[in-house]
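What follows is a single structure, and I will ask about it in a moment.
Chain nomenclature is as follows: A, B and C, assigned in order of appearance, with residue numbering initiated at 1 for each chain independently.
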């Protein structure tokens, strides 16, 4: 078995949900050498997250932002952690709900995603800046 | 180290939460050859998901459906993605909240689950059809 | 590639969110031997969970407890599973929302966490008792 790892910095994106499947696969071309394996993508931040969802209709990504902004409200007077602005504590909570990594099986040199699946960068801050990922793949 | 991978199609199940631990373990008998390893199960869909929870009392699975149907409402007038029916956009959101994969350590040829833990297929569509999994295990 | 695995029992902690990064790394010193790899931490329970979030300001962990206790209410009359007390069914739901495992890339013998990231034990029961983890790391 082999293991490959590559850091990737994503440019700043606006608050919301963004497809990054192609960026990830392009950053680690050794995925193509693995007949059977796993791809893991990890985000090194606590106010942005990663998930897998619909890769076609952009209204799905719009509705993700609508839903999560309602489900995790800003300006809850019970929050103690509010020094960094009203979007900060909700960003930490959304990151925990969605998760800091995704894992995808590799089959015949490609991520074995379903036909409608893509990797989302979930940017929860109004101005989150560039985001750092670590991409790891292993297998044979 | 060795790695094994097997596709598995689950028959259609009704909307709700279903125990599939036995189906997964049966589909990849090579788990039994691994003294130390990891089992990953991935679902290739964006409107169904996987999680780990209580494997005994069926009321827990019933209450999961109750909770998630309240927490992620249908027919929110703010949703833009509503062409595929009222259960569609909530299904995408629930799938992201629960996740598209589970990972379980393997110890002495068996998944090292806690005594009350089982793998749930979370079917979020009213009529979701069969669901495709990819099961991967590695270790030595 | 090598794989290492170690069980770890955490002492009982009060309901809430607790940093356990140092406990995990201390329990599996072979992490230090891996130049490139992955660390997985799994919790063998269905009423406690693991996540990754802010490791500095303790008010973040306080606000996690505030948020999740509101988002997953106790004493919903629609719950059927209520024999083990009002905190039991919400604990199962919170565990599913947050997840039973975390995965972190290893680089140069250390978990490649972002500067503000730490591993949280999320204790959802009022009196959860000690909690059992399985820690696995692989790589080369």
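Everything below uses one rule, namely that a residue touches a chain if its C-beta (ideal position, glycine included) is under 8 Å from a C-beta of that chain, and two chains touch if they have at least 3 such contacts.
Predicted, not measured: the structure shown is a model, and the values here were computed from it.
In the CA-based superposition of chain A onto chain B, the rotation angle is 120 degrees, rounded to steps of 5. Homomeric contact chain B/chain C: same residue numbering on both sides for under half of the interface positions. With centres set at the average Cα position, the gap from chain B to chain C is 20 Å. Shared interface positions of chain C, i.e. residues touching 2 or more other chains, are given as 1, 71, 97, 99, 103, 138. Listing the residues of chain B that touch chain A in their complex gives 1-5, 40, 42-46, 71-72, 76, 78-81, 89, 92-93, 95-97, 99-101, 103, 132, 134, 136, 138. Residue ranges on chain C touching chain A, taken from their complex, read 1, 36-38, 51-54, 57, 59-60, 62-64, 66-67, 70-71, 97-99, 102-105, 107, 112-117, 120, 138-140.
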